[in-house]
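After this come two complexes, each holding chain A, first together with chain B and then together with chain C.
So, the complex of A and B:
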């Protein structure tokens, strides 16, 4: 019997877990919400949704459509420039650029500028430049969710690999890993992130790397404990007896049995990293200002709130809160579904 | 106990060495040439050479590491690269404001979370319990940033119940005038996760046999909850509070920035923005040391508080 030829015919862990998860109505609803977010994000990446988010479709700070009637705008004061200005003094005889004005005017006229009709209201309001907040938030989800997923993936890979090595081999390797773990956890987490940010700089890739390199400790701890437990189990000993290699025992035999722990930790990390990205971007240490993410949107919205423009804050904050709630509840349900003993 | 302490202190040494090494690698190797940061926008080769010599960056790496180790143990990180203040002075003046905000947050949060969790655990399974659990999930999903922006605007700016921001030199003025709003926000945000956790601790205890026994011998529900359940659940709760203790010294970066509190958190952010490496290095190393010592202290106290735990 070769170790690869075993086919499982009874429903496996995942099939059973999926069956349990489907019975949980809250979990299914959360799964749908997460799916919608991911679909919107992918759509926006491929240019199917919110591709025209940069269009200045409304006036500056266009009010949300549903709130337009609540409060009338005190006539468009900012939009109309003061027309009754004193006539400009004729400077043409001393202005060195005067001879060229006509030429420039002509060339400017050749560039067809089409003035876009700007609407007074947008579905969920407009930002400072009159861009649609709804589309902007969808566009922002691209970076925010991407950072969360990619960073969580890196952290999970590092944590799982180190945890597997430490737990499986034990001995010196374990001591070394424990030392690294102790070093990383003895520095307060946010301080560790900031220390990395100080030397690595800013940018979307950088923030992913920073979060990934600092966030692996929790997952390492749990995976290591799982490996310590599993390496002495009969199925692993049996695999050893028939001459299965170390690498295969580690990753083909034990890893699937720890995957529920990894999955739950992964989704917890996604939530934590989405939240951290927002805060780091606000502090100017995460995503650069010109990149739209939920963090940069919230950073803009602080000043807007003082001016009474509450919609961008509300939309971005709510979009983020909804995703985080859905993922958190889904994680709880997944934990229950994957480990029915835990209840 | 003495042997236990000695062993734990001995174990700190390799970890501390690791922290020093990590910080050294980050700032002296990954961080690039500090002379380029210091020399400004129009660097002059002679000036760069001079700065490199002053900082010792032209030395081989082991000598640089030795300089760094000496700095850690003599508490002398030199001067800040941007403000030219002594780094030790910066640290000592920043710790006060941070604690002024963080200690009230910790005390109020623990008190409130324990009380509410006990109530919710008492009403377990009821509509109130489920509503509170749902509310905390939602509350936890909203970014801290949103809370601060909204409440600073609402309570500070719009209703003017609190000053929008500020800080004075007088502890009492700070506590009564400038700290209340940040403290309120800190408590508001940290109470939800603690409440959930403490509730699970209480529920674990309520399921125990001794609770059934206490009820069976006719104790009132109040006495069962307050005398028996609360006391036993205090052990995991205190452990959890202990884990969070080192966080006191880091403070809340966001609160300090929004409310212009001149604490350690704000200092770190400003140093990161200015690439002021000596300040970040010093804060990182010393807070790591402090974390290790506080963890040790908590372990000892925990073992003193719970006689069932022995020093092994």
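So, the complex of A and C:
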């Protein structure tokens, strides 16, 4: 019971939570996956990875390397037998441009055109213009993850602030907030986003703002409930008895004690927003078509799927599914590690 | 395993031998909880397991029922023999047949032990139908009989009630009815009265004693309170740190305790009969220098009041439907005077409004009427800015040491915050010095400053909370059930600390408690509350020796007084 003076620095609650999280193998694996994604995204933003994604490195719809080995027979449907063609007819006497052909040919010969060697296969295949799907997906992660993180950050800030105010003060302010909340949640989500999109116009910033402004409701409710609970706790009453100001009680005393809720909600929002970005872009409400994101890739690939070009859809879908699953599992582990009740 | 195994005596019901239990902790190692515990429960007798929190008393008792948590590891040589069956090694089906039928249990918190969505009648009938195979109608009839037997009024109506519609005492009666429904041979009662008021506690104890006689049951009574044991037990096992310290008949425990720990437990609990200057603590006895200090003479009263409360009232609005408001008078017309350096005890049962008085004085609740004069200034009419200097001078220590410290702050931050708010000390270095000084004053190591509350025990946290108040050098300290959640030995330490601090700093205390013995020890004057009103107020000596009010008398009569030889039936 009596404490000795050996241990001077002691682990804080965050350190303890981190220790618990580290013992969870699934959580560590997920953390690594997320770290790789974030690293790739940062690398692509800084131009270290996938900077040459727009190079047309392969033929149009180059097959993925592994799939090409499976069925290496070249497709022959398009090449019709030559002998069935009608014999060439000499039209030079009626063609008014005929005298200039030689001159043009000569001039064209002066221009050095080096045709890039296009490969038949790419690691994970190519798109319509022969761009490497892998690099395109990495480039696309930039927008998708960025949108997810930034929008989740905005939504978390709004939700936490409003929840804290409503829960801490209660009374009229709480009634007002509840009213706003109810109005927001009564409008169908997609409709709300449509409305915002119509007013704000398209663009990456717009979609971040839209998602941030519409996604705060869930976190607001949870943070409000936490504040309702904590403001009656004895440590908050003790702070009031000491004479600590309202702002300090709200943000220095109570907020850190609700951090487990906020953090977990934040990562859930990241997941949800990455998916929403994809859905919106697919519907044509999201980022502009010239910007590459997982959503636009998926939108593009719906036509390709009909032609049997499945790889772009698979790669972008798998990339998203893997990240979303990793973040979800990590969130689960984080909730266990951070929740003070479980101790 | 045990070469000299005793033959099970015919009058022994359950024989626990060499019980050892450990818990597998996070790292994979096993933390021992109980070591080499042996005791026998005789037929038709009551055995009490006494110990403080963490002594292993509950773990020992639950192992009889096989109700140990999943990470428990039972030592190989442990045996629990019941009717020639080893309960630790028998088949789960066999154990299930015994559990609830031959051996049943009641827990401390009746509210969390009853299923909130089932009517109490259904909950009682369940075990009747499972174990005795009664039909629906027969089980219902038996349930009504049982409710009647445990003293629930109007049992034929109450059978359809849900747990939340019953009071705490009635809930515990329902739990007892469930436990005795199959005529068990052994009833295990785990702190059955700890969550109840003293008057209810007395009723429940009488009920248990009566049931035991009528049904010829044995009773295993687990408690932290030796005084309770004196009234109900035949034999007592005192446990500490997972080991049996003393095992003796109740008379021997009270009249000639052999083990220093038993002596210490008896001595460090404040009693109603004496008012010592200081309470002895466990360490004194373990070191062999324990003895009862002298009584303290009553202190003189009659100085100028530092705090005067006049006609204080608090009315809470409760929701009475869409367009109606209903009101509850939590506190009505409470008045008292408190002199500097003196202690006022406020006693009452749960719901008497005693905590609301403290909260209202602190302006943690807004009062509905009345005046709180601090050195003649009415605190209730000050605005926040004017109140600020008074906040420093009047402070509060709460009941629950686990809830009153912010878990995300280090002890250093907790102690520095009030000094920063009130600009006490020139800079943080000076404040840190004072914080360190105060930590020493409440017997905590200086390195505690960098640690977090969860690393400290309940008693240590309560001392941190006291140190936090002391940083502001208050004149009045309101202690709201401040020692109620603590073990007896720790309670003695904290009470001694409060007395020392009063002598040192001239603090005045408003000491709110449900525990009359503790109030007797610490208070100069006592105010008794019932249903929001003051029923009696007098100096501590006269209220305990000559109570005038009926309610005060009933309250005093309900307090367990330990072993009283005359009250015991002759053997």
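Definition applied: the second predicted complex is superposed on the first by the 286 of 343 C-alpha atoms of A that agree within 3 Å, B and C clash if a C-alpha of one lies under 4 Å from a C-alpha of the other, contacts with A are read in each partner's own complex, and residues count from 1 in each chain.
Simple rule for what comes next: contacts are C-beta pairs under 8 Å (C-beta built on N, C-alpha and C of every residue); 3 or more make two chains touch, one makes a residue touch a chain.
From a predicted model like this one, the values you see are computed outputs, not experimental measurements.
Once the two complexes are overlaid on the shared chain, A:194 sits against chain B while remaining clear of chain C.
Touch criterion met: A:234 reaches chain C, while chain B stays clear of it. By the touch criterion defined above, A:25 reaches neither chain B nor chain C.
In the superposition on chain A, A:317 contacts chain B only, with no contact to chain C. Between chain B and chain C, B contacts the larger number of chain A residues. Note for the complex: chain C touches chain A at residues 26, 359, 362, 364, 387-388, 391-392, 395-396, 398-400, 403-408, 410, 417-418, 421-422, 444-448, 450-452, 454-457, 465, 468, 472.
Those residues of chain A that touch chain C in the shared complex are 1, 3-5, 7-10, 12-13, 23, 233-235, 237-245, 253, 256-257, 259, 340, 343. Of all the residues in chain A, the ones that touch chain B in their complex are 179-180, 182-184, 186-188, 190-192, 194-200, 275, 278-279, 282-285, 295, 298, 301-302, 305-306, 313, 317, 320-322, 324-325, 328-329.
The residues of chain B lying in touch with chain A in their complex are 14-16, 18-19, 21-23, 26-27, 30-32, 137-138, 140-146, 149-150, 153, 157, 246-247, 250, 253-254, 257, 268-269, 271-273, 275, 277, 280, 283-284, 287-288, 291-292.
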